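Below are structures written as structure tokens.
In the two complexes that follow, chain A is the common piece, with chain B as its partner first and chain C second.
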Partner chain A sequence: MNLTIDVSHKEDVAYLTLVGEVDAFTAPKLKDTILPLTKEEGQVVEVDFEQVNYMDSTGLGVFISALKSTKEHNSEMKLIHMQDRVYRLFKITGLTEIMNIDSTVQGGM
Partner chain B sequence: MESFDFVEVKVPAKAEYIGVVRLSISGIANRMGFTFEDIEDLKVAISEAITNAVKHAYKETGEGEITIGFGIYENRLEVMVADHGGSFNLGEIKEDIGPYKQDDDIEELREGGFGLFLIDALMDKVEINSKYGVIVLMTKYLHETEVGQDGDQISTSQ
Partner chain C sequence: MSTLKLDLENYKELLQEYIRTKDEQALYQAEQFSKQSMQHQISPDEIINVHIQSLQEIYPEMPEYIQSSMNFLLETMISYGLAYQEHQSLREKQLELKSEISVAANMQKTLLSTVKPELDEVEIGALSVPAKQMNGDYHHFVYDNQGNLGIAVADVIGKGVPAALCMSMIKYSMDTFPEMRMDPSVILGSLNRVVERNVDSSMFVTMFYGLYNSNDHTFSYSSAGHEPGFYYHKETDEFEEIDVPGLVLGVSADTAYTQYKREVKRGDMIILLTDGVTECRQGERFIEQDEVLDVIKSYSHLPPQDIVDQVYRHFERLQDFHLRDDFTLIVLRRNV
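Let's look at the complex of A and B:
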């Protein structure tokens, strides 16, 4: 019932690996980590969801803030390796239309 | 009267307990025979309701308790989340919910407004009673016995 966030950098890409659950308890930590990264111009932020086994609207809120920040600061965000269950929430809320989400690995699509 | 088992859980109105309640509902729903997908839906729905209650409690006093009731029926699970703080403006909340539409301005995106919308999308029936604090009552049916969904129901809130 916790979230581990690992950040690594390679050239102009920042990789965030999330392990665990994103809810109202863990979302503030995620927001504090991801927002500063999106404020650097030209920065690409890749968030790896492969080991996220639970997420709810508090997580969606974090990624909406991050997306807004990328538009303001001319950076970019990609959400990768998303599991079907988590992808479904982005789909239901219409966020798949505006976010760069790659669910190919887990979804088998 | 239709018989049912009732389980009540009371937790402090703090975000760190949301995961604990998720484990409870997961156990109850699993015992009832819900599918893996339905259990995941229930986990999100109950977390959203508790998140709302926690936020509300913090706004009011920064403390308090949240009571969660599980009405376990043969064909459905009724979940009650009661936040015995004040009441929020439901009209305002309802206006705020709904999915993002392509022509919405990105600046207008609701960072915190998806909670009730998700509850509504993931559960079969959702009712909100704000007479004494705020009580969210949500129902999910076991798919095998979905008939009778429109029939008369006795709610655990009565």
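Let's look at the complex of A and C:
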């Protein structure tokens, strides 16, 4: 499986739409896309997970380093439309407590 | 060039032979010649040079334009020659790295090896299998001779060498903790600070730490974002998820971990694992949690070590013997 990352900008918000799987093979590409965005002060990065049906812990690592970067650079990250299986990963690792995650489209495998 | 000069006569003869007879045999010899050249690390442009010299000797009257075209070809091939040499040296380096990694993997095995304590009160089964050469999973037993058994199960995110190095760091930090302070929440809190200070921002560690007191048969535990384990109730023949909140190690320096405690009844089991167990896939399909539990249950009459071995074999078969992730499974059963 592959991962395609679509980036669009509207005012201060960068929208990332992910389609596919985030794993050890695709995570570096995601990291290269998302990290520079979080380094701009005041930037809001919104990541749409609706079409991500699998993510492993390497993917989680990308979002942890992105979160650390938002704190360092005063930017913001939001994760939206997360499916159950992916949400579970954030939940187990305790990250739902410290990340801005809105999972209105849960379920749907 | 010295070996080539020796071979120049040989090449010239082969070429002459072939031009005269168009014989397959000469072509076969040409192939041998090129294989030998490769063994002696002779680059393609050097062979062209030999070809030009042979032609000049066979056809002293060779037209000027053919001579020029051959020189042109020689120039063109020089970059190939350089690339070939580079390829050769990369291959050597690769072999070197490969053997260094296997040395490191062996060292890691020795460093991280843990002895499974043999106790009358609790029986232990433990298995950890790496998906690649180096294991990113870690488990460790500590027994203090006063009836306290500490069990750590951890998964380093990020795989391969960096994960292995991180694991060694954790192991040594744990070794330096005084034995008196085996409280799971304290251990996780200390490790969190170690990992937070020392590890790359995209790397993190999940860990479950449990302390079994074999005097009063209580189990105290804390989790740092680790895959939930299970508690098996012998009386009802049912599993219960050991679902404890807690942030993964290395994200935030001031994280505090809550400690829980429960009584363990005779015949009950505590099952600890890493996500390599729960993230098994059959083709494109993910294995559901209930399936994992059903498999464990089907072997629950066996001794704990046999349970973990059989469960591993089951999922290894299911995935066509191709592990996607490191697989660690630990089963503790209260015996008396």
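Here is the rule we go by: the second predicted complex is superposed on the first by the 106 of 109 C-alpha atoms of A that agree within 3 Å, B and C clash if a C-alpha of one lies under 4 Å from a C-alpha of the other, contacts with A are read in each partner's own complex, and residues count from 1 in each chain.
One rule holds in what follows: contacts are C-beta pairs under 8 Å (C-beta built on N, C-alpha and C of every residue); 3 or more make two chains touch, one makes a residue touch a chain.
Because the structure is a prediction, the values reported are computed rather than measured.
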After aligning the two structures on chain A, examine chain B and chain C and state clash or fit.
clash
First (chain B), second (chain C), both or neither touched by A:Arg85
both
Could you tell me if A:Gly61 is touching chain B, chain C, both of them or neither one (first, second, both, neither)?
both
If you stack the two complexes on chain A, which partner ends up touching A:Ile98: first (chain B), second (chain C), both, or neither?
both
Check whether A:Thr17 is in contact with chain B, with chain C, with both or with neither, and answer first, second, both or neither.
neither
For A:Ser69, is the partner it touches chain B (first), chain C (second), both, or none of the two (neither)?
second
Selected from 128-136, 182-190 or 236-244: the stretch of chain C that, after superposition, runs into chain B
128-136
Do chain B and chain C land on any of the same chain A residues, and which?
24, 54, 56-58, 60-61, 64-65, 67-68, 85, 92-95, 97-98
Contacts from chain A onto chain B in the complex sit at residues 1, 21, 23-25, 54, 56-58, 60-61, 64-65, 67-68, 71, 85, 89, 92-95, 97-98
Which part of chain C faces chain A closely enough to touch in the complex?
155, 157-159, 200-204, 206, 224-228, 245-248, 251-252, 275, 279, 286, 325
Would you mind writing out the residues of chain B in touch with chain A in their complex?
15-16, 18-20, 22-23, 37, 40, 43-44, 47-48, 50-51, 54-55, 99-102, 106-107, 109-112, 114-115, 117-118, 121
Considering the complex alone, what residue numbers of chain A touch chain C?
24, 31, 54, 56-58, 60-62, 64-65, 67-69, 85, 92-95, 97-98
